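Chain IDs A, B, C and D follow the sequence of writing; residue 1 opens each chain.
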Amino acid sequence: MGLATLASTELVRASNARFRVNVLISRCKECGICISVCPTKVLVRSDKYNKYGFRYPEPANIAKCIGCRLCEFNCPDFAVFVEVIGK
Amino acid sequence: MVVGSVYERGAHPLDKYLRVTRLPHIWCPGCGLGIALGGILRAIDRRISEGMLKKENVVFVTGIGCSARTSFYANFDAAHTLHGRAIAFATGAKLAKPELDVIVIGGDGDIAGIGGNHLIHAARRNMDLIVIMITNFVYAMTGGQVAPTTPQGIYTTTTPHGNPEFPLNVIKLVSSLNPNYVARASVTHPPLVEQFMYRALGMKGFRFVEILSTCPEVFGRHVGLRDSVTLYNTLRSKVVVKHNPGVEESEPDWEKGLVAGEFLVRDRPGYLEMLRRR
Amino acid sequence: MRHEILIVGRGGQGILLLGRILGLAASKYSGLYVTGSEAYASETRGGMSRVDLIIADSPEDIDYIRVRKANIVLFMFPYDLEGYARIMSDDAFIFLNSTYVKEHPYVTRRAFSVPYNEVAEQVVGTSRVSNIVALGHLVARTGVLGDKQVEEALKEIIPEKWLDLNMKALRAGLEIR
Amino acid sequence: MRKAFISGNMAIAEGAIIAGMKFFAGYPITPASDIMEYLVERLNEVGGVVVQLEDEITSINAVIGASWAGAKSMTATSGPGFSLMVEALGLAVISETPLVVADIMRTGPSTGVPTKTSQSDVLQVRHGAHGDHIIPVLVPWSVQDAFELTVKAFNIAESLRTPVILLSDAVIAHLWESAVLKDPGEIEVVDRKKPMVPPSEYLPYKPDEDLIPPMASFGDGYNVIVESLVHDEHGYYRQDSDTYRRLITRLTSKIMSNVDKVFEVESYYVNDSKYVVVSYGSTARAALAAVRVLRSSGVKIGLLRLKTLWPLKPEALREPCRNADLVFVAENNTGKIVADVERFVKNAEVVSLPLLDLEVPTPDEIVEGVKEWL
């Protein structure tokens, strides 16, 4: 657990035992849809800005992630994706 | 327990189908176009991984408008052509090289407004094309003018006292012709976009999919739903997903709801097959 | 050699077809250079129909596309009989379909008045091939092209099932004295 | 090689087939319809597709699409239809799409006299599309010429990646003449340049030294982008003056630097001529006859017959007129090419002979027009 931010890819991610949620920081436009559609409220708006001045989401509550991928499917900016990392 | 990434570090699963160096795209925050494109690309990915589709045969053809910019980002052969003329261009490409899988994407203004006549005749011919019309109810790229799909009474920059016109039900129009497939999805239900696109990719003849979408900056502003999430949730609350709805249920009704589903599924010979039979 | 041929008739009389047969016989089967132009009213039947044909040994001998001094003229119908005199040479061969052309100003040694419709009706059994009868007559009298070449052109242009009829008409025309 | 007795429109169709055309889309219009009617049987025999679409707009856009799918493609129309095609002509210019448009001129403006001839589209084909561009325009005066210039139109289109207009007229369209239909080998047939690099190194709008980018087709695996916006070598939209200037300069230079491939003129009796008539298309047939009539009465006069209307080659107009006192420009319109002749020929007085004939102009009209100045 805990957030890992990778500067080289401008990626913020976090994982629980089964899923990892990734946010491509520079693609985000802060529309808020991912935060809104997440049924378990995994994502939280960051207080940091990306290079275009948008506050991107962070998977702050990753423990609650159920891997439904609604955030990924509903992100208009190809900025969020979910990986299955364990069974 | 196996722990490991199924993806390369930092790569979105759709990156292989995107011209990633052109991202972030030009669409406004909260614009549904990216969601629609995501659904379309996932369907293509499924067909490719099943061996039903070759990546090099996929061609994205678009006209002009926000939706037309999908051809900027899809990492396939692509054409960003003239306003309203994507179906015409696509018709020529398909007839000249039948092995291509030609996908036309446009907005409601592009496909049903200026390009309406091409839509009618391509559907009449059962031309072997997939046409995706992404409806945002307004001319967005030009700044918010009335569109053929704008609901009656709505304020736009060219209907400052409310739209006096009755909107066009494109589902009904296309269904009255000779298409093999007519469906309506919504960006508020991305799996539907993927499902209908997947279905369309496996068929012949004219396939029409309308995708209802959100335009917070322009349409949202006009109707007082400027906030992306509010507009998204409002549209979602209006969409009624039905199994095999009848065409008569397709009339957009903002009070009773906007019916999504597969209105028409047929297996008539496509235009190319009719040409070969001569 | 150089010929300027003018054919005038009424829409539906097969005037344009006549022009194509003569043109093909001259170009493809006689190795001559041909320019042919057509003028007709917009209605398919009725209205004046006119074909201008210029036949020469080489393209160098042809510039303008319309007849300016016709040496062979065929009137299948009496349209502007006198007016066309302006674009005829004094010693032109003039063929007049007397089925329709009852009066005319051309009383020269080289003017021939023949009821092509009646000849076609009598010999072939239908006046629809009166144009081909006239063609045969024109070819025989002027010697502008050989019979064989015209027959070849006829075979190429006329559909199989009408060919016998047309060959018969052509021969009837060739035999007119 | 085949000898034939065919019409100008049939010659265009035959020329297109010899040139390797595999796709034709069109919409019926007098006096161009018989090109499509003739092709619908003939092109099928050689494995091509002919399709009648819902209007001229669809037709030319489909032709652009087909060209990108790898087929040599063409449409044919007349003035009113051409008016509908000019927007797409611009798309063909900026996306560097090889295609041929046959415009069989009839009388205008608007519906005009549909069955009658004219040369009044001359400036429309040059200037119709918005934006900066040079679109080659070829103009036949005989059936043989219609055949050969159609092949040439395809050759220019394919080698320079440009739309080319074959500007015929109602007279030439329905003129029947002896023609020699040459086969490939007897007449040059050019195909477009394909990329020599693997897809990973391919940039769809990166020109070679000759200013022409090799062209990959849809389905070749090169991820081509057809772009109507101003674009860089990737085909990516750019809004800076540098990219715009570089693109437009290249698009016009690639035509002008190949003007010798495009421009053609024929001259008759100009060497000793004090007077020269410049003409083109069906009017030039009358002009040649007029020149011969005048010569037979002792007037030292010659003819320059333009086979190419755009781009013009100034020195090729200037040179034959170097000893002339008077240059007459005979055209079946109110006077259009005359402005360019005036611009290029400085040593002689340039006289416009505007003819407004519904039928082919007559030699007499031109003789009279010239005589007024002698």
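Criterion: contacts are C-beta pairs under 8 Å (C-beta built on N, C-alpha and C of every residue); 3 or more make two chains touch, one makes a residue touch a chain.
This is a predicted model, so every value here is computed, not measured.
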Inter-chain centre distance, chain A versus chain C - centres from mean C-alpha coordinates, in Å: 87
Whole-Å separation of chain centres (CA-atom averages), chain B against chain C: 63
Distance in whole angstrom between the CA centres of chain C and chain D is 36
Any idea how many Å lie between the Cα centroids of chain A and chain B? 27
By residue number and range, which residues of chain C touch two or more other chains? none
Would you identify the shape of the chain contact graph, picking one of line, ring, star, complete or other? line
Following the definition at the start, I'd like every touching pair of chains, please. A-B, B-D, C-D
In the complex of these two chains, what residues of chain B are touching chain A? 1-7, 9-10, 12-15, 18, 23-25, 27-35, 38-39, 42, 187, 190-191, 194, 216, 227-229, 232-233
Given the complex, residues on chain D that touch chain B span 22-23, 25, 49, 51, 53-55, 57-59, 61-71, 73, 87-88, 91, 95, 217-229, 236-237
Within the complex, which stretch of chain D touches chain C? 3-5, 115, 142, 144, 171, 174-178, 282, 285-286, 288-289, 292, 359-360, 362-363
Considering the complex alone, what residue numbers of chain C touch chain D? 19-20, 23-24, 26-28, 32-39, 42, 59, 63-66, 68
So, in the complex, the side of chain A touching chain B is made of residues 6, 8-9, 11, 20, 22, 24, 26-33, 35-36, 52, 54, 72-79, 81, 83-87
